[in-house]
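To keep things simple, chains are lettered A, B, C and D as they appear, and every chain counts its residues starting from 1.
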């Protein structure tokens, strides 16, 4: 129960505050022999970098990653991979009210009650910058998955009322709009919606979907560590996520068994499912179909509109939060959802390699 | 990553198959000095016992629990509490097709692929009987929570199209209808709906809600082990659950910041939230409001209607699953959701006791 | 940090007190497909059963094990294996002084201080009967190791002043004397020594050695989870063990580098060590030579001689401990040392299967 | 089972190689509110810094620590503390034979077999520089212990044949000789012994002892996580340690119960032990006496004398290891033993705070 670690055999530990010297992550347990350079990681980090569109904070950070250990001659060595990004734009300023007030929708009050005092500069550990470590580690996990033929892809499913229907997905457009939506037309409407909200000093929620393809059958543990359970843990650990679902998700509550069950059939000599209401898991294990999950993301709590709250002295006050904040968290959280999914799958793949004595013999006998 | 264990300091490990000698759980880490008898546990187990209404399987089990260790003179000793329920109605029968076929919506195929072979009697580890261990442990966790003034209550929020609105809740009725719904009228309609489905050899999904009151502020860890994340892990580890949400949950995706943020105010000299869109957590920590979560439960996959599937020989076949199955999983899963919530909270309470040096001193200095 | 669990992927959890209904263990994570019967386990349990010679307690227990889960048609299924032994001879008696006194060399005082009260019947969790769960689990681990060509063998190295020199080992004699010593002559002398101590109402310490052969090279993790460290954890967790050493152990403190280093050479085309001062580990990883460890076991603290102590009322008193106690713990602890070594190795083998991407591919690609 | 992490609630993760950019550690779970500066940590690091006497390597490193996170306004915040030391003297050189040979007594061969290839520069993760992270974290753990009135002190018990008897200890001298021995006269003799060995291109082993005072009674878990077991794990995870013992340790194997048992008595109204053969633990829990442990350290394997070995091509060769190596590891390992002891105790203190429901109530009710 260390709060900043995730995983069993592929274990990541993130560290760092938004206004300290930097943020980073240590990956312990990455198998040896995977090709890895700083560029591989930077590609992922750039997807969550601030200042890339009018919908993201203007904070000026290059977010350049440094590999501090665990790689030798371009390959992972099997020892801990330490990655660090120095904070640059730790704008010195007067935190004023914020330093002693509890911002609505933020963790300020809880931090104060839990730890007795708090780092009031930016969000501390609850800052979006904490996700840099997750994304950097997710990049490494993705390389591991790629070696095994597994791909993970996340994108924006909806922003406010603008939801994209599965039948309209055009995956080629995901990186062609700043909202990472797989439908260019809806992306434009959602953009206008966000611009209107910004004018109103307000913010929007949305939904992220993630698909993983190429998983072996049987990934996940039958009881407490079901694939669904570990993924939910991972995704719900992202700040601002308030719901997670697999496959048909909440829609199953209105469904009936004869519809919801996916029939098995034979295709190209293999046992596969005809439909995928289950979203790729049965009994907590991967079932060979694509893994599909969705996360509900709340509106950015930091808004310029005046809000009622309480300060540390116990007085009710009004505050208005100025500064550098995104009108929607969703687009920058897309790569975080992808990273957390990759981290969960990478760890499970390592842990599940040894499910039968025959598989273990295969490794040790040829050794 | 042991699949059948849950928790860090308050750790439970369940064991047992539906058609083996019995099922059980070991609770390791329960603090000493809590009053505990078999009756305390039996009360919880009776809530998930089969054969109590026309909506539950006719399997005949008394589910009588035996305390095998960890209790002395009526109190927990601090050492492992081992609890066991013997299986009684392990009806000997010809499993026929089922033994070599993959039932749609079941884990049969995944078990076979993961482990090389499978226990085809009933659901093995994926059987609902596995939850006996969870519920027995949850009873102990609930006693621990009660000592600290915390209560947990779960109930059926919806069955198929019959959803109960929050404003209509009447908690007194929960135990007065076999569906555990907090609205007697809707419970009756839902009951009729289930009877109709049974006549059609079909089954229904539904939703469970759970509320925890009396939590201290600050429970949960800021990054990977957020209260939300641990609860999602716990709830999604229950078979048939396909979605989980906290507070407004998926509705936040359509919300705006000015509405979704809960303003703070002072009531009776204490800092509290005016509203509870967050469902009792901020930044992954409990915020002093009621904790509210919901789980989406899929329709029972075992239905008498004919279904298309594949057998172990790789042939496409039609099967119809006879036997003892509930037309809806929801009512019997209510106590499981409550148990998993209690287990998560109990573990977090133990782990979070030591968040500041002052709290630690308080215990050791008076020691 | 649950006190009664051990291992990461091959995780065991023991439960039970000496005077409760029974003792047992849950093994979670044992790979599927290993042939396992109750007889396989009973063979191990019989080696620690009481009442087999004049040097062991007269407590009358058959220690018959029951497999409660995890085995189907004679093979492990990959799900938790629950094993139980019912206590039979829970002789009802007046604990008198013992119930309220702190026996020297026992955990009574610590239990009382830690938990506020204690189960004063027998040793509670500190009883030797707790090791039944360890030995039962060790039997399963040994079967797993055997499938991979690894054998583990423990025996008594010394009792009091009677130490067997390595050059005199005759492994055939280990099971031919009640002290499990690999030298019949010394076993007889040690036996006489114990008889004399019994006459004096006293007890003896001794040393256990354990050898594991057939390990692959590279088992163990370079930093905190060195093979040496995990084994030391395992062995020192056995009650009464006060020291552990690997290879030359404490003798290295008097050694010099030119002597202590084991030169490498080529034998039959393989890189091997000429000598084995290291005891089979280098840098915390297995080095291909036999793994050799030793444990120092303290004299049985329960002795009939009068001892000075304190009772719970805070009064100094004299006590004499009557009852059923071994004059030496060593012979019955031999199989416990073997079991703990096997458990450690089995867990490491599972965890270390995935040290390189090539090994992982080997399993998943042929899947 | 991540190899580079240690601890459950107070969890440390070290990273870094001897010849990479740097080494470091992340401490996750340190309670909030402890006063901490870089100077507090530097004091510990300086005790293991190279180049301080003729008995330590001439490698030129300032080992200056940087706090990267987790501290705000001079106090720990409860979030991860990231500490880093940049490597400075990564002397670029031709590794020649060493790069492709297996040095006797080193982990080269095992790394190669385990990971498929290895970082041949210096010792990689097996380098003594890895301990910088341990010592930095140990400094933080020591501050936590100090807040609770617990002190930990390690020193050199013996070097080669020069052992200091307990009755001759003069703790004031520990920091007055470069060997950290509590007896100035023996320190001088040991120094001469080392000088002679250096002239012979050889090295010496030795023994380190560590004492912890002020522990509460009941620290440690009765079964697998005994105080003794966790300490042994910690100490044996230090490179070059081949044996560990608590209290009388291996001497108990020659002892008898009547001598080895420590009688309880009343002193100043408190229950205490008259003697301390047990070294401060009973039944795996702290017993209120000083905790005493010893570690056996092997001679430095890197010696200038010619040694026989094998290279990666499978050829037998002779090598002589030049470079910067200590003739004895013991003095610089003293602070590492102290650090690992402190880390173990700090983690246990956090985990054991919640052993009874009354202790938990004490924290939550006044909250």
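As a working rule, contacts are C-beta pairs under 8 Å (C-beta built on N, C-alpha and C of every residue); 3 or more make two chains touch, one makes a residue touch a chain.
Given the structure is predicted, the values throughout are model-derived calculations rather than measurements.
Farthest chain from subunit A (centres taken as the mean of C-alpha atoms): C.
Sharing over half of its contact pairs with A-B by residue number, the repeated interface among C-D, A-C or B-D is C-D. The interface with the greater number of C-beta contacts, when A-D is set against C-D, is C-D. The centroid of the Cα atoms in subunit B and the matching centroid in subunit D are 44 Å apart.
For the pair subunit A and subunit D, the distance between mean C-alpha positions equals 38 Å. The distance from the centre of subunit C to the centre of subunit D, each centre being the mean of the chain's C-alpha atoms, comes to 26 Å.
Multi-chain contact residues of subunit D (touching two or more other chains) are listed as 1-5, 8-9, 14, 32-33, 78-79, 114-116, 125, 216, 222, 351, 355-356, 358.
Taken together, the subunit B residues at the contact with subunit C in this complex read 1-5, 7-9, 11, 13-17, 20-24, 26, 28-29, 32-33, 66-70, 72, 75, 77-82, 84, 114-119, 121, 124-125. Those residues of subunit B that touch subunit A in the shared complex are 1-6, 8-9, 14, 102, 104-107, 109-111, 113-116, 125-126, 130, 158, 160-161, 197, 200-207, 216-218, 221-226, 228-237, 239, 241-266, 269, 271, 274, 278-279, 282-288, 296-303, 305, 307-310, 314-316, 347-348, 351-352, 355-356, 358. Put simply, subunit C touches subunit A in their complex at residues 8-9, 31-34, 78-79, 144, 147-148, 216, 222, 349-351, 353-367.
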